[in-house]
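In the two complexes that follow, subunit A is the common piece, with subunit B as its partner first and subunit C second.
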Partner chain A sequence: MLIPVLIGMSLITFSIIHLIPGNPAQTILGEQATPAAIEQLEEQLGLNEPYFVQYTEYMAGLLQGDLGNSLRTNAAISAEIWPFLAATIELTFFAMVFAVIVGVNAGIISAWKQNSMFDYTAMLIALIGVSMPIFWLGLMQQWIFAQELGWLPAFGRSNPRDPVETVTHFYLIDTLLSGRPDQFVTSLKHLVLPGIALGTIPMAIIARMTRSSMLEVLRSDYIRTVQAKGINHLSIVYRHGFKNAVIPVLTVVGLQTGTLLGGAILTETIFSWPGIGRYVFEAIGTRDYPVIQSGILVIATMFVFINLIVDLLYSYIDPRIKY
Partner chain B sequence: MSRKVLDVKNLQTHFFTDSGEIPAVDNVSFHINEGEVLGVVGESGCGKSVTSLSIMGLVPNPPGKIVGGEILFEAGDGGKMDLTKLSGKQIRAIRGNKLSMIFQEPMTSLDPLYKIGFQITEGLRKHRKLTKKEAHQKAVEMLKIVGIPRAEEIAYEYPHQLSGGMRQRVMIAIAMASDPEILIADEPTTALDVTIQAQILELMKNLNRDKGTAILMITHDLGVVAEICDRVVVMYAGKVVEQGDVRTILKAPKHPYTVGLIRSLPKLSGRDERLYSIPGNVPKPGSVQTGCRFAARCEHVFDRCLTENPELLKIRSGHDCRCFLYDSEGGAPHEPAATASSQKP
Partner chain C sequence: MKKSLVLTSVAAAALLFTACGGDNNEGNTNVDNNAEANNAADDGAEENDEAGAEEDNDGGEEAGTPSEDQTLIFARGGDSVSLDYASVTDGESSRVTEQIYESLLSFEEDSFEIQPGLAEDWEVHDDGTRYTFQLREGVTFHDGTDFNADAVKLNFERWADPDHEFHFADEGYAYSVYGTQFGGFEGDDGHVIDEINVLDDYEIEFVLNQPLGSFIQNMGMSYFSITSPAAFEEYGAEINENPVGTGPFQFVSWSRDDSIVLEKYEDYWQEDLPKLDQVIFQVIPDNSARLTALRSGEIDIMDGLNPDDLEQLDGEEGVQTFERATNNIGYLGFNEDKEPFDDPELRRALNHAIDKENLISLLYADKAEPAKNLIPPDYLGYNDEIEAYEYDPELAQQMLEDAGYEDLEFDLWTMPVARPYMPDPQRAAEVMQANLDEIGVTANIVSMEWATYLEQTEAGEHDLFMLGWSGVNGDPDYFFGNLLHSDAIPGGNRNFYRNDEVDALLDEAKVTIDEDERAELYMEAQEIIHEEAPMIPLVHSIPVLAGSERVSGYVPHPSTSEPLTNVELMD
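Presenting the complex of A and B:
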């Protein structure tokens, strides 16, 4: 499943980016460049070859683990992309941890206390959460928590005057590796606002999905059996209730994680987060074909991979599901 | 007289719905003696399941609530308590321990995500603090008692790997694992094949005999009653209409409803006759305010039935009936059992 999806993906991206008007050689050399210079650069970059040849060469490189070189910086994309990818993964992880913890528990309690004040409030917040434009939420957060209250930083991943010594490019890990707990706290603080802004929609979707799934499960016969055994509420709700309700929730978590990993351009732009979304977005601006191509491929691979993990988790949780 | 393990007195369980308060169980009283099998019989919607859920404290709330009456439970150690007065924690200590229940739907009554062995001893682990190893041994022992082959392996299997009959055996194993004083069985054989039904009833009969567990058998099937019960309570529209020992009820029923129920059983006489059915439907609970609730369907109805509520009358020791036909000292003027048999359809 994985391979055909990725091949199809690469074909579609390749076709689309070559359909966009614009010329990378022109962009690199500027408006004033002579046609001869542009032609020479095109030849140098291999852009004058037929599309078919360009695609086959690109795919041949991929098979050897070569994502190609950026037209703009001439650096290997496989090396260049990692810091951006790491930034996105870190942000996504934080956002999803927030979304899952808050969303799942809110959904469970709402279902357990159906039609209570908590239920109504939580579902109202969830409704607002899914409907609110993310850029507006981000700006409001920056205004309240960074501008007015000054509690949290609004931009970037760390203090630019005190750069983090990078090894893995996950700042939470790197700061600990270099023995700088103060920087760890700073990095964590930088994650809070974009993480919450990014996690709000998944949180709301997860809360609603958990609630409806739980409501169905809590009405089932086996829950009554467990009640008849004299088991306490907490164990009924989490061990038997949530475990049975988790499959649709897990599906949503997988899809949302994949989507966030694809780079939330809006959030990354508002919070100046140097993530993969912005990396690819800038490459589109300069018609940096290999970067667009490989960036999207990496995103798609992660998306497929996350959903593969989710599928494997299904069969781990539910003995009736076998592959 | 033997000890009453359970004494239900004037139980009232009402449901509060948008269309008003519905008395699903309306002043129901009965008792179960030690080691006895009591059948509660009635059509769908007569309140028998709600009665059993009330005893377990499992009436879904909202909308249901026990609004009156007592459920006195006397454990073997002499402690006597009113189950309706217990806190959630107190009743959880009794549920699945001294008081167990099996349900109608074996296919959906087991949690699909947990192994059989775990589910059998889940309650016990909580009530008796068993170790993992003890729990497993107990699970295997229970599976053997309920007659499941390959007990060692089945304990490690999941519910979807078992058939309906096997699952009901597992349900019985779950219920019996704690050696309860009372086992409440809510139509345990309804969803099963006839041959499996017989096996399950046999199993319950044996458990009752060997362990002395009192059983409250909720059923609409008089065949099940004849097979297993010592005494019978007949319920109609949330009220007890007749109770007595099983021979009396089946051979010489007094209440016109019980008479109708028994007449509607198919006979193996081989004659090609139309099956009798009681005309009309069970009234919606709470819809009949005055008069006998069965009046609209009764072939012996007279004026008094429509204006007064009949009391549960003692016909003789251990046989009660809620019908005005028997409301005169020294023999009834009308003899419904005789009339019923003379009115062959």
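Presenting the complex of A and C:
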């Protein structure tokens, strides 16, 4: 399944990026470049070859695990991409932890106390959350928590005056490896605003999905049977109810995680987070074809991979599901 | 002695500090107490003393004290492309390399006036076909090796010769600015540098095959700085991520699209400089987020202030603004290869239709000057005699009618990205569309993605288009030669303007060494250009930066890059 999806992906991205007009040599050299210089650079970069040849060369490299070299920086993409990927994974992880904890609990309680004040409030917040433009939320957060209150930093992954020693490029891990708990706290603080901004929409979707899924389960016969046995209400909801409502929620969590990994570009821009979304976005601006291709390929691979994990989790949670 | 020096610098800093804090409108572009450029043989150290003494004359009253923490964070919208300055043209790269590298000559801190750099003296021989430079002794690269004439020769040969071992053509390196400024590369017909001779360790000679009016200005450009030869040996094509120069700061680390860290070079040849211990160039892509970071004290200087935010900052505590002297042109160009734009009468009529003052107050927060010529007003050969086409819609309409145009309709091509000379292209287009509507002309706004825009305007697909140009070395040829010479078709001349007389004047000016003669030639060319009106010159904008009030000694240079050698943080 994975391989045809990825080959299809690479073909589609290759065609699209070469169909849009615009010349990488021109964008690399800038608007003040001479035509002779542009031509010379095109030749050096192999952009004057037929598309078919360019694609075959790229795929041949890919099969050997070579993601190609960036036109803009000359560096190998496989080496260059990791820090960006790690930044995005860390941010996504934090955002999803926030989204799941808040979303699932809000959804369960809303379903349990259906039509209560809590239910109405939570669902109203969820509705606002789903429809809130991220850039607006981000800028408001910055204004309140960074500028006015000064509690949290407005940009970046760490304090630039005190750089983190990178090993894995996951700052929460790296700071602990280098024995700097103070930096760990700083990095965590840097995660809060972008993490909440990024996690708000998934949180709202998860809350709504959990609620409707729970409502269905709570109305089923077996819950009534359990209640009849006189078991405490809240524990029914969490232990017996949620277990059966979790499958649709898990699907949403999986899809949302995949989306965040590739689609965090707005959050990454507002909070100056050097993640994969911005990496690919910058590449589109400069028509850095190999980076666009490989970047999208990596994002797609992760998307497929996460959904694979979700599928496997189904059968773990519900043994009736078999593949 | 040392103590008094410190005191004077503190006093001078205090002066700057109050000057900037007191009146944000003025910025500090006019802090040029020592504007007298010293072309002659001044020793670098001596010059520093002089500058210090001069600043002392203005004596400050109250003083801030230098802060313990001398780490400055400079926030900007985008990352550098490469730290090999000669192979890229973006301002974000030169902003950083300007700290690490130095050229043979340098510019005055707020103008393009030439000063000694790595060369402390130079001479012109044989009618401008031979130049000798006396290099500064005792200068070392950050890797500890000596700076000398061999290093200079190697760097120039590296750019000129495509077969040079450090040219790195196969790795995709191209030195387009070298090609533009010196007429091509080794073996090309127009390439002006014939020979480079090392006379002794600290004297080098350039032999040209024809005079080049901008040769000395070129030597001050950050594109022609000197890299350590040993670093080429060590890093090869990875020199773009491992810069080694002679500048005030040395490279520490770079994480892409995030930050570049530099630290003070302890053996810098100018004594007691730089004042900062560390400089961090931080990428913050969003303009509003960058301003928030400045207000919350997380950064010290920010580039790219929205003109709209400028008013808010006026009088705000803890923040100061800096103005960069204007060095650009924003214009509306005609595609002369298309009807009806081949008619000069129509072009002149439309020149009367655009209200530049209105544009400046609406979009530039008054930080721009209306343009009547292509080059910025401070440039050599700027023709101030020329009478601008006044904003006069009635006259414009009359002229169109007289020339027999009715119900004129065309596309107004609008840039999709903001540039210093055009901070909000979409709104600018709307304003000008309204101007044109007033005289009965329908302009349809057309916009497309940036790379596409550049390609299509170069190919001549457009009608009326919006674009601009920024200077790099303060030389008029960089504007005229690239924008209005017929040799620049296809290329920078997107107006498709062809005039043999103008071409001849520009060609002659290019090889003229005498400044007055050169100026004459450019003035004459401007008269013809004004008469033929291949474009509507709109504005010369004044980019504004903002910084924390702790920053002292920061003077933005018109080229968009300035060394932070004299900058200091105060308490």
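Just so we're on the same page, the second predicted complex is superposed on the first by the 310 of 323 C-alpha atoms of A that agree within 3 Å, B and C clash if a C-alpha of one lies under 4 Å from a C-alpha of the other, contacts with A are read in each partner's own complex, and residues count from 1 in each chain.
Note that in this section a residue touches a chain if its C-beta (ideal position, glycine included) is under 8 Å from a C-beta of that chain, and two chains touch if they have at least 3 such contacts.
Predicted model only: the values in this text are computed from it and were never measured.
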item	value
Overlay on subunit A: subunit C relative to subunit B, clash or fit	fit
Superposition-derived angle with apex at the Cα centre of subunit A and sides reaching subunit B and subunit C, degrees in steps of 10	160
Partner chain(s) touched by A:Pro160 [first = subunit B, second = subunit C, both, neither]	second
Per-residue contact with subunit A, leading partner among subunit C and subunit B	C
Touching partner for A:Pro50 - first (subunit B), second (subunit C), both, neither	neither
Which superposed partner A:Pro4 touches (first subunit B, second subunit C, both, neither)	neither
Contacts of A:Phe84 with subunit B and subunit C, given as first, second, both or neither	second
Touching partner for A:Pro133 - first (subunit B), second (subunit C), both, neither	neither
Touching partner for A:Arg287 - first (subunit B), second (subunit C), both, neither	second
Partner chain(s) touched by A:Ile270 [first = subunit B, second = subunit C, both, neither]	second
Which of subunit B and subunit C A:Pro181 touches, first, second, both or neither	neither
Shortest CA-CA distance in Å separating subunit B from subunit C in the superposed model	48
Complex contact set, residues of subunit A against subunit B	220-222, 224-232, 240, 243-244, 317-320
Subunit C contact footprint on subunit A (complex, rising order)	20-24, 26-37, 40-41, 44-45, 71-75, 80, 83-84, 138-139, 142-143, 146-147, 150, 153-157, 160-161, 163, 166, 269-272, 274, 278-279, 282, 285-287
Residues on subunit B engaged by subunit A in the complex (per definition of touch)	56, 58, 91-97, 100-101, 103, 105, 108-114, 122-123, 126-127, 158, 160, 171, 174-175
Contact set on subunit C toward subunit A in their complex	69, 71, 73, 75, 78-79, 81-82, 88-90, 169-174, 176, 179-180, 184, 237, 240-241, 253, 255-259, 261, 278, 280, 282-286, 288-290, 292-293, 295-298, 449-452, 454-456, 458, 467, 469-470, 482, 488, 490-492
